[in-house]
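Following are the structures in question.
Across the two complexes that follow, subunit A remains constant while its partner is subunit B and subsequently subunit C.
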Partner chain A sequence: MSIAVSHHPGLARARFRPVRATLIAVTLAFLALLLVLPLAVVLVEALRMGLATCLHAITEPAALAAIRLTLLTAGVALLANGLFGLAAAWAIARFEFRGKSLLLSLIDLPFAVSPVISGLVFILLFGLHGWLGQWLAAHEIRIIFAVPGILLATVFVTFPFVARELIPLMQEQGSEQEQAALVLGAGPWQTFWRVTLPNIKWGLLYGLILCNARAMGEFGAVSVVSGHIRGRTNTLPLHVEVLYNEYNFAAAFSVASLLILLALVTLVLKTALEWKVARGIAPRPRGGHS
Partner chain B sequence: MSAAAAPLLPRLLGRSAAPAALPGFGLSLGFTLFYLSLIVLLPLSALFFKAGTLGWEEFWRATVNPRVLASYRLTFTTAFVAAAVNALFGLIVAWSLVRYRFPGRRLADALIDLPFALPTAVSGIALTTLYSSHGWVGRWLEPLGIRAAYSPLGITIALTFIGLPFVVRTLQPVIEGLEREQEEAAVSLGANPWQTLRRVLFPVIAPALLTGFALAFARGLGEYGSVIFISGNLPYRTEIASLLIVTRLEEYDYAGATAIAVVMLLASFALMLGINALQHWSARRLGQGGAA
Partner chain C sequence: MSIRLTGITRSFGSFKALDAVNLTVEEGELLALLGPSGSGKTTLLRIIAGLDACDPDRGGTIEVNGQDVSAMRVGERKVGFVFQHYALFRHMSVFENVAFGLRVLPRKDRPPRNEIARRVRELLRLVQLDKLEQHRPDQLSGGQRQRVALARALAIQPRVLLLDEPFGALDARIRQELRRWLRRLHDELHMTSIFVTHDQEEALEVADRVVIMNEGRIEQVGAPADVYHHPATPFVYTFLGDVNLFHERSEAGAALVALPTPDSRSTPYPGAAFARPHQVDLLPPDQTDLGVEGIVRRIHAAGPMVKVHLMTADGGDVLAVLTQERFAQLGVAPGMRLRAVPRELRAFTAAAG
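Right, the complex of A and B next:
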């Protein structure tokens, strides 16, 4: 086959030129309509009433409280799921044991659960009519319609992100370097800090970036457990919803543009990491089987 | 599920393949299982236990009344249409991004993940503003008699936005792996572009395309944030299943919410199993293609 081809490489190209132009045009038009317009409309609506209104909307006390709660939530999710990702990847990529593929499926489970159901399960556990509701009420512990519920729901929806990045990466790298370090007399933690962590740092960072974007932006799960108490249990996305439903559009879009900034920073970091990793493994073709 | 995980631990601990090689097996696996049970398995089992406490009759009443059935129909239809639109345009987008070099290609490639990175509430209010009757796009549709916002069409648009990356990101590596020689051979043997697509490319791409479609569909079934702003939320007309769960919760009808949630969750699990099978099929198929 390849012999026949080498005689006519130009033929195919000439024949496909109109196809090529059409497909590129469709691609750009579709992406502009679907992805770029929504970004643009948020920024335009945010600045409609002027920059001062926009800045006021993101610096007034309820907005600042929402920013603080969002940062706290993301911080907890990053720490908890980061540690879990490291532990899970260590256990799964470095050891053989029975039930491993079951464990892998269970780790992915939260991705198959829709946002609203992710919130619902915590209401069934901790809500007033839930399993532990009466006991919690008797001890005056509030989880639902309070910060702990928001943290739990967020940790649930972002659960697999870091583990999913680290497990295949560590499986691919193998354990020779760690074994060498141990043979040469390094302690377990020393091996982890000096050998494992430097090897997986970009994968870890990548997983944390994805985890962070979802944690800061989660809406459905958090909305169900939050109770929407202004200044207390509103994260940034919930604050956007409240403002929008009050017809305070300028403020809603101003706060939304903060979240757009988050999304763009996420995309830039993610793309930069992908390029870095692609260069790092450049000798190997990305396509795999060619 | 948590009941099955707990007694596994002691059995697993004894089964390290390389006993003396690396430290930390017990600690890391123990923590993994503990954290998994606490954060994921325990809450999810609460859902199924709650469903178990409903009588069969109560469950039936909560899941097959007309309003709930209307919400299932709407959710499945809009998610299906959106996934189909994404399969078509996602294929074109993925093909162009992999095969052609044009100005803005890298930017476009990076933007594909925007629906993942953008909080769904922001997508929701942005799309609603665009497609409402005074919006940038809606004002052109209204004279044509097309009502986009606050209609099933609006829901489909939101789900198309949400689902795009699933199709494109699933197809890209497969298109990168295609062997150009086969297409060029087909052309040099006289095939036109359509024949080349149908006979040579499509059979190789099909499993990945179907996987991307299924992933987008599954995501669409559960989507909430980007939909509720643009849907209008009229019972029987534009009320998706996720919203109906929230409505039931606000009425303190935990049983009703649980019943709908269990149905949606089982649909989603079934889809995920199907997608896993598809990916195996896809991988086997590609493996054979490479060997041939």
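Right, the complex of A and C next:
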């Protein structure tokens, strides 16, 4: 009996070998077709007219403006949603209050709503015929078809990332360490900087990386509010679309390859973080009792 | 420092975790709060620390050395608190954990760097961890983490030391060691200390005085021998050790109670009557009419004493603890008929119960 049992895993492996091979083959084929091939196409198309054309496409003034706007948008989204995510996660993980589950669902709203609708919402609010449109026009404040609208739409679309990352983390860690800090005489700020923040920093960074990737890559919501004014309200994804619609394929793919580069950097950072966190949590060999 | 609690009530919704608790802790004593889970002992400890507050509309007060600290923030109370799961700062070394309380002091009160280092090292020597000061908490064993938590609590030179289930998360052998070590440490430092436990053996062995709690109220306060030998309520009696419980209504209880026991004081026993297993003798039925008859069901002979479980005619269970000699002399075997005769019975009036 014991012999049969000890041989079982080996038998199982042998019997399932074709299954394993098939599964891996299918997965790889799928990945190649849907992920690797498109990426390769973008890079090949970008370089088809030569490296010089490619470089020119991403250094001409409109492209540089798009890069600047994208960086600004991402920066604002990171700052706003970093702070909001931290506040929301703290409130939800540490306190009991009425409407907590409603707040939790609301945080997920941007994930549930189509990005186009997210953009439209701001047009309905701030557009010329929107609720606040007349008042804004009277005070010469431009939000729609201008940079503030792009910032608003981006912040809206990306606000779940940090909060979603931190809430479960903070709930799991509990508040005992913070209580310990308070008993030891630390003030609220000292407790935050010395205990809370160091404990969530990797989660926070992870959330910010995802938030950044989405903020730089967002198309739908931004497209609705931007107005596509070249050199003024085009972010990188919008710039790619404009170039493509002008049949300027080489330039479109050159700028697109910048976004792909961003995706690859995000992926590497994300993997590195996951690896680091996993290593930090895994139990290490312990010293004996002394 | 002495601590005086008056009229402490704490409710969570409709559940009363603490119900008008009064307690005085003497200067320099080691006090155990003992009770089953949900008895309110941890809540009481947290209220003393300032991590929780009593119901404001019930007017409870906490005095430390005669000074009312109810309104003081947790950080101002200068209490050392050791959390049940230690709550060590995971991202800091052992050294930094212990130094934390000194580093967060306002600049004018903060000792210089080398003074902090000196005090931290002194504490680490006290808890025998001076070789591990650069380790992280997750590289330590449970017992070592416990001692880091203790050193960290002591670093702020607290007026009182509060420990929540200090040995709860450790395995049996380490518990024994640490418990004796804590007692020795307390004898060295003489700091007023309160620890929470649900383990009666631990409380009775370590503490100067034991506070037995049940359902948010204090059942009895006293020295270990005092509460063990003179339990004030049936709850205390049953909580502090194995017990045979007889009810007058039951046949076995009636038999016991009606018949004179060897040290017969012929007291009537209203309500429940109790006898500890070591107070119950076993005799062959032909030698006595006292006590209650039963059949031997189970025997645990591994240990200095032998535990014998009897089942009485009405299905009741009686546990007797015999010496190995007595056990051999009687030749106890499963299925044998014996009479269980309590040498001593303890009864509580219905009002007390």
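The criterion applied here is as follows: the second predicted complex is superposed on the first by the 275 of 290 C-alpha atoms of A that agree within 3 Å, B and C clash if a C-alpha of one lies under 4 Å from a C-alpha of the other, contacts with A are read in each partner's own complex, and residues count from 1 in each chain.
One rule holds for everything that comes next: a contact is a pair of C-beta atoms (placed from the backbone, for glycine too) under 8 Å apart; a residue touches a chain by one contact, two chains touch by 3 or more.
Just so you know, these numbers come straight off a predicted model, no measurement behind them.
**Student:** Applying the document's definition of touch, where does A:190 land relative to subunit B and subunit C: first, second, both, or neither?
**Tutor:** In the superposition, A:190 contacts subunit C only.
**Student:** Give one of first, second, both or neither to describe whether A:101 is in contact with subunit B, with subunit C, with both, or with none.
**Tutor:** A:101: touches no partner chain.
**Student:** Return first, second, both or neither, reflecting whether A:20 touches subunit B, subunit C, both chains, or no partner chain.
**Tutor:** Only subunit B is touched by A:20; subunit C is not.
**Student:** Which holds for A:124: it touches subunit B only (first), subunit C only (second), both, or neither?
**Tutor:** Once the two structures are laid over each other on A, A:124 reaches subunit B alone.
**Student:** Would you mind checking which one, subunit B or subunit C, touches more residues on subunit A?
**Tutor:** B
**Student:** Taking the superposition on A as described, I'd like to know which of subunit B and subunit C A:114 touches: first, second, both or neither.
**Tutor:** first
**Student:** With both complexes superposed on chain A, which partner does A:198 reach: first (subunit B), second (subunit C), both or neither?
**Tutor:** A:198 contacts subunit C only, not subunit B.
**Student:** With the two complexes superposed on chain A, say which partner A:182 touches: subunit B (first), subunit C (second), both, or neither.
**Tutor:** Both subunit B and subunit C are touched by A:182.
**Student:** Under the contact definition given at the top, report the residues of subunit A touching subunit B in one complex and subunit C in the other.
**Tutor:** 179, 182, 286-290
**Student:** If you look only at subunit A, which of its residues touch subunit C in the complex?
**Tutor:** 176-177, 179-187, 190, 194-195, 198-199, 283-284, 286-290
**Student:** Over in the complex, which subunit C residues touch subunit A? Could you list them?
**Tutor:** For this pair, the touching residues of subunit C are 49-51, 74-76, 78-81, 83, 85, 87-91, 100-101, 104-105, 128-129, 132, 135, 138-141, 143-144, 152-153, 155-156, 174.
**Student:** Show which residues of subunit A lie in contact with subunit B when the two form their complex.
**Tutor:** The touching residues are 1-2, 4-5, 7-9, 11-12, 15-16, 19-20, 23-24, 26-28, 30-31, 33-39, 41-42, 45, 80, 83-84, 86-88, 90-92, 94-99, 103, 106-107, 109-110, 112-117, 120-125, 127, 129-131, 152, 155-156, 159, 175, 178-179, 182, 188, 192, 210, 213-214, 216-220, 223-224, 236-238, 240-241, 244, 252-253, 256, 259-260, 262-264, 266-268, 270-271, 286-290.
**Student:** Could you please specify the touching residues of subunit B with respect to subunit A in the complex?
**Tutor:** 1, 5, 8, 11-12, 15-18, 21-25, 27-29, 31-33, 35-36, 39-44, 46-47, 49-50, 89, 92-93, 95-97, 100, 102, 104, 108-123, 125-127, 129-130, 135-137, 160-161, 164, 173, 176-177, 179, 181-185, 187-189, 192-193, 218, 221-225, 229, 242-243, 245-246, 249, 252, 254, 257-258, 261, 264-265, 268-269, 271-272, 286-287, 289-290
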